[in-house]
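Pasting the structures in now, so scroll down.
One chain, chain A, links the two complexes that follow: it is found with chain B in the first and with chain C in the second.
Moving on, here comes the complex of A and B:
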């Protein structure tokens, strides 16, 4: 309003006022609601640009959600089929997460790509808590990290504890051969008494349960079997094949690790796609809300400037009459 | 607002999931015999984070050892990409252990057997299903449950004999021309598996 008055005066005072002072005042008025004549197109332009970019974001996140949904469908079938793989081992050897050993190795499974909600942070949180749990005098705990995201988070404070880090796991579709080669690598390079695999188990599209699977080394198995408890019945089993019992137990331990790792990697991949789906879904809904609000602002701005223009015209006309 | 409501629903579902696990097609409800000492030790060290689940919460419970020998053997035959047979009741299975073909009947003594490439045959009444398996492990439990875990398995009728002969000839030739230990070992494995395939087709 003030600017309009100045400009009306300006028509009478044009030779006195230099053009620079007028342009200097313009930018400060852009943010105000009542943009006067000539500035209307600039402020609505800004809102229009924001609306365009938010609409693009909405489209992109919706597309990402569709992609994640289709990938989830494909990998969910394979994860469900692989669920039977680790059950025989748990039936034979039981599950001993509270085992007390000297060398613990925590295998953290995470994704390489981001935008998948909080599952990677959850895995890292659980891994760090496990490290605290298994810490003690004369004990050491190391990490083996699968996936970029966990590596980035763990390298910040536990850089010296990371033995091995593997990335780009999902470049080719996951299959057992690849995972068994990986398991072989880990077993060869890392000394361990107990391996704890931390991953997100896929329960449904909205629920992922952080899980810890424990695999013991053959020596730890022998020790636990002797001390009784869950593995006490292991001695009652006859051993067929191989020269010695320890050789068969060693093969068994390695086989168990690769089977459990295979299932864990598949379940984590499923959880990743599911989490990405829900993250992208909430993001596109957010973008839709933002778009609605921006549309309202845009319309209000546009109508205000039209009203201002009308007022000017009418007051100018009435000034001429009376 | 709708989004917040669905978020609340999801959170309440997650918090109550400990007592009520939504049944998923391949999982049974969480058994309450989960390792409680682990959960307690966890809570002492890390009180604010919920303890993670352990595999014992997701296993299908198995019956204890019966006093008399049951009439049927329950077989679980699993592969990395499928469960071929799950809790199937059969009369007998013959597994290719490294010490030779081993027949397993109900009431067999508890055994851990390492398997070599060979034929697994499942006898149910009058019908016999034969699979050729790559190596693996077989666990026979005292309650007449048998778990066979193998990496690859094909029904015998899906094996092409001409390809087997070709593979056998190829690997025998590679074995004779192998120079390094690694090549020799690989060629030996190839010859072994192909001759096992051969005898599976003929025998």
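Moving on, here comes the complex of A and C:
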């Protein structure tokens, strides 16, 4: 009877080893279960070892959550401040995500490290959808990939469309100079009519919105200006710092790309830390649940073996007497 | 104030506006006094590794970095 209960317990443990928790310990408990009836059930040693490892994992994930929380606090302030960099550009040049151009370049921003939940997958999913959306006869779309995780996912089916891949971005704390050098590299190496930057915008600690920011090349801006709207009013401004309008547009376009990229990288870093916090939190909670179930199993096994021993002793003693 | 050249000197030298503004920013940062100067210069560190892809194959990555590799 105790055996049956323990076997049921073991089967219930299996769904707990879900992809959320990062336990890599094999379910040795369950394989031991298939012992024929009559033998002593699982040894308590195995359960105890498992409990120790699950407890360690719980401690580690809790520590990772704390680290992510502190990093988040530091970077959140900078991300919110950097939003002010591109807002004037949107006010001046408008945001045209639905622009129809020949050469699209999709800049996908992701993290280098893992264990951060699903944000990298959502970025890649949006990039792929955007590629399908902007595909068409004599239009081409290329990728520029920032971060290891998106690179690994995009390699699988879009190897031919990757132009540049950039890694090791977060070795030093993020700063504008680094991102602007990166933007400069991208501008020099890639021909584009429109750049679409895909990143996770940081709304709050638990919500990250995948967003696409569009930056047009100066020629595309000229074309859009003719169709009116915000860009058409550009002529009514008096602009210093350049002789011709196209020169001014070129400078503005480059600077806009750099600012938008900076904000996007910061927001993505924030989202990464937030997602890591919640992933580690759910992981430690799962580990705690697992620990509770293992404790129950352990006690049940222990009591069952004690009862069996007592029965043997008593029956042995009564056999001697009788 | 700017000369009436067809393009500013930095544009004809091959720099983009981004490079130009970065150099100007660097000049301004160098005008600070210690200890603010070292603080500001730590905000300028660059490090990343970029690799160009051709025909679905990455080439050897080039590391652009201020810090020397050890």
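Everything that follows uses one rule, which is that the second predicted complex is superposed on the first by the 279 of 322 C-alpha atoms of A that agree within 3 Å, B and C clash if a C-alpha of one lies under 4 Å from a C-alpha of the other, contacts with A are read in each partner's own complex, and residues count from 1 in each chain.
By definition in this document, contacts are C-beta pairs under 8 Å (C-beta built on N, C-alpha and C of every residue); 3 or more make two chains touch, one makes a residue touch a chain.
Owing to the predicted nature of the structure, the values given are computational and were not obtained by experimental measurement.
Undergrad: Specify the partner with more touching residues on chain A, choosing between chain B and chain C.
TA: Of chain B and chain C, more residues of chain A lie in contact with B.
Undergrad: Applying the document's definition of touch, where does A:163 land relative to chain B and chain C: first, second, both, or neither?
TA: After superposing on A, A:163 lies in contact with chain C but is clear of chain B.
Undergrad: Mind working out whether A:185 is in touch with chain B, chain C, both or neither, as first, second, both or neither?
TA: In the superposition, A:185 contacts chain C only.
Undergrad: Touch test for A:136: chain B only (first), chain C only (second), both, or neither?
TA: A:136 sits against neither chain B nor chain C.
Undergrad: After lining up the shared chain so the two structures overlap, which partner does A:316 touch, if you call chain B first and chain C second: first, second, both or neither?
TA: Touch partners of A:316: none, neither chain B nor chain C.
Undergrad: Between chain B and chain C, whom does A:114 touch in the aligned arrangement: first, second, both, or neither?
TA: neither
Undergrad: Return first, second, both or neither, reflecting whether A:210 touches chain B, chain C, both chains, or no partner chain.
TA: Only chain B; A:210 stays clear of chain C.
Undergrad: Just checking: does A:251 make contact with chain B only, chain C only, both, or neither of them? Give me first, second, both or neither.
TA: Both chain B and chain C are touched by A:251.
Undergrad: Applying the document's definition of touch, where does A:91 land relative to chain B and chain C: first, second, both, or neither?
TA: first
Undergrad: Touching chain B in one complex and chain C in the other: list those residues of chain A.
TA: 176, 241-242, 251, 255.
Undergrad: So in the complex, the part of chain A that touches chain C is made up of which residues?
TA: 159-160, 162-169, 171-172, 175-178, 180-185, 187-189, 241-243, 247, 250-251, 254-255, 258
Undergrad: Per the contact definition, I'd like the list of chain C residues that touch chain A in the complex.
TA: Against chain A, the touching part of chain C is residues 2, 4, 6-8, 11, 16-19, 21-22, 25, 43-53, 55-58, 61, 63-64, 67.
Undergrad: Touching residues of chain A toward chain B in the complex: what are they?
TA: Contacts found on chain A: 78, 80-92, 94-98, 125-126, 129, 132-133, 176, 198, 201, 203-204, 206-207, 209-214, 233, 236-242, 248, 251-252, 255, 259-260, 262, 282, 285.
Undergrad: Spell out the residues on chain B that touch chain A in their complex, using ranges where they run on.
TA: Chain B residues touching chain A: 3, 10, 13-14, 17, 21-22, 24-27, 35, 37-38, 41-42, 45-46, 49, 52-56, 58-60, 62, 76, 78-83, 86, 97-99, 102, 109-116, 136-137, 139, 141-142, 145, 147, 149, 151.
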